[in-house]
């Protein structure tokens, strides 16, 4: 579904993404992990067209994404830190996005109800706490029943209850056969969600494996330990 | 009207600064006309407003607004919307709202007290100046990510066009006074939208003097309908060029 | 004395009684004017009825009253001088005189008056003539209520509307003149009056006035002429209550004064002229109670002018009120109203407490460097002007109105 070919991105002299090639398919739930500043968010933003790649191509459903925008219709994106116009209320933001997308599809308002956002509809964005803002972001990402969900640190800042609601929602969507791409630096919370892991470091993909592969090759039961083992092995080389 | 423009216009019209701007323009215009016994003197005062205040507010407010819209732009970018459409919508939204407040603040008093050709020309020129400086704001805010720097650039550009440019021209005039530079001077005005606007109004306001030998060269050019047409085309270019440059840059920008 | 008057009245009455009337027209005793004129004695009248008369040059060499009824048309076919008046006491009224000859050497006119006196030309229409009415060596003539129109395009190819040369005691009253070279032209004309005429859209001057002393022109309107009104090489002229308006263009003036002395300019209105008054080499002129409004320059006073007094005028909405080309000031300004005056009046005597400098720095700059007009009304220039007003350094500091008025005069 998403094909990334030899993608590179420089900010000035800094190479943020270095010759990355990836392929992600329907039904997969992929964790994109790596240390801070390894290029996860930039990679996601290039897929969304918010960052223009220096080199390489990205295909979405077989079509190049550069100079294209229609494809974003199929993507629900939840940013790491949602930034919204200060003066608008939650209600207005939802209304606006709905209007802009002119979506005739059934809206998925599960999260809206579960997060009880309706009670906060008249609150302006600048008055919201970080967690509430994240709830709005999550709601927006799932609202249009997208085929692909890209979630950047989805649970950061959410309270355990909301976090649990979101996780359940992700699992539900995964079971509908959607492609889900999650970045996170907390591995433990992903254990029961993901089918594949992409590990990035210094702008390069260190490995891209299914969970089964990973566990088999390292002999570890816990994902975090399995990754640690691999990293240790690499460092020793 | 496209939906994004609608949201932007509604957002700006709720903005306190724009409301204050409209109110100040309005108070100024009404009082200027009602205090002066002839409307020409009122128009003269408004000329300074149009040539100084309107560009300043337009450029600074727009720059700040564009920087403050970065969240909004980001939000929209993850939606299936063309990048250039976002930028165009922002431009139209800003321009429309500032034009509206200019029209309410200054246009209505002008139409009420001085619905002459000078008044109409002033209104038209005010519209153009507003739009030109919104376009310049787009350029200055895309040049740097740093908000403070961007506002600085905007103010510098305003300072240049409103004051320094004329100083330089005056200096050149005296340095080159032995040469026949009248025609060149007409050309030079094209490089400053404020000067262009001022001369267009001058030709109506000081028509008697402009008919004389000193103004004859300007009258010969700007006084003809072709001249006025060209002047407005140049003003239009002053809108299109900075904005298109900013659009190209925005299309390549990483957010 | 009384008996003398009686005798005079009696004589003139008998004069009218015994004078004969001749009628010219299609169904009248005479078919042509010339035929009638051949029959008349001094003092007779000729009534000319409606119709088109193409009789070449008609010469009036007897004292005759030539009266048109319903504007009979006298046509010069662009070849002839239409009417030549060579006798005294002639009256011409009620004609439409058109298409006079166009030879430039002889100055043919629609109506030309030669070396005579007491001629009255009134209520005629003069259309498309080279010179419309031309007087030379005449005295005591009245030109009244004529409508004069021509369609000149170039100065060299058209004559003047009312042209007066070497004459005395003329009265030019209530005429309307347009499309000629000069509307009214005076050269070596003395003791005459020009009253209530309208001279508009003439190619050169509305009124052109040279070497003509002791004349007055009063309550005329000069509008939209090529270069306005020129009064030159003359003394003792009175210019009262005239309106000078929309004389626009390169070297166009409301009123151009050159080498004038001992004259009085009172109560005139100068509206929308490029230069309302341009003075060159004038002396002892009083400019009083005039209105200068919406002109490019209110007054341009060249350094060659002296002992002129400019008092009690209104200067309103002019681009520049006063301009000059030198630093020598030998003229006085007093008690004028300047709308650009920004002083105050603490003692409430309606006279500003600080003197006014009517000469703006920028007008001096523009005088020296005309293209600087480009920068007029820019913030830079406004700033320069303001600072100069507070501390005059480049403009002559005795160029000053010590008693500027706070409110405009009702003029």
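A, B and C label the chains in the order they appear, each numbered from 1.
Here, a residue touches a chain if its C-beta (ideal position, glycine included) is under 8 Å from a C-beta of that chain, and two chains touch if they have at least 3 such contacts.
Owing to the predicted nature of the structure, the values given are computational and were not obtained by experimental measurement.
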If a chain touches chain A and chain C alike, it appears here: B
Identity of the chain that, by mean CA position, is farthest from chain C: A
Chain whose averaged C-alpha position falls nearest the assembly-wide average: B
Pair of chains with maximal C-beta contact number: B-C
Chain A and chain C, separation of their C-alpha mean positions in angstrom: 90
Distance between the centres, which are taken as Cα means, of chain B and chain A, whole angstrom: 43
Chain centre separation (chain B, chain C; CA means) in Å: 47
Residues of chain B defined as touching chain C within the complex: 38, 40-41, 44, 47-48, 51-52, 162-163, 166-167, 169-170, 173-174, 177, 181-182, 185-186, 189, 194-195, 198-199, 202, 205-218
Touching residues on chain A, where the partner in the complex is chain B: 11, 45, 48-52, 69-73, 75, 77, 79, 83-88, 93, 96-97, 99-101
Complex contacts: residues of chain C adjacent to chain B: 248-252, 272-275, 294-297, 316-320, 339, 366, 368-382
Chain A-facing residues of chain B, complex: 3-4, 7, 11, 14-15, 68-72, 74-83, 252-255
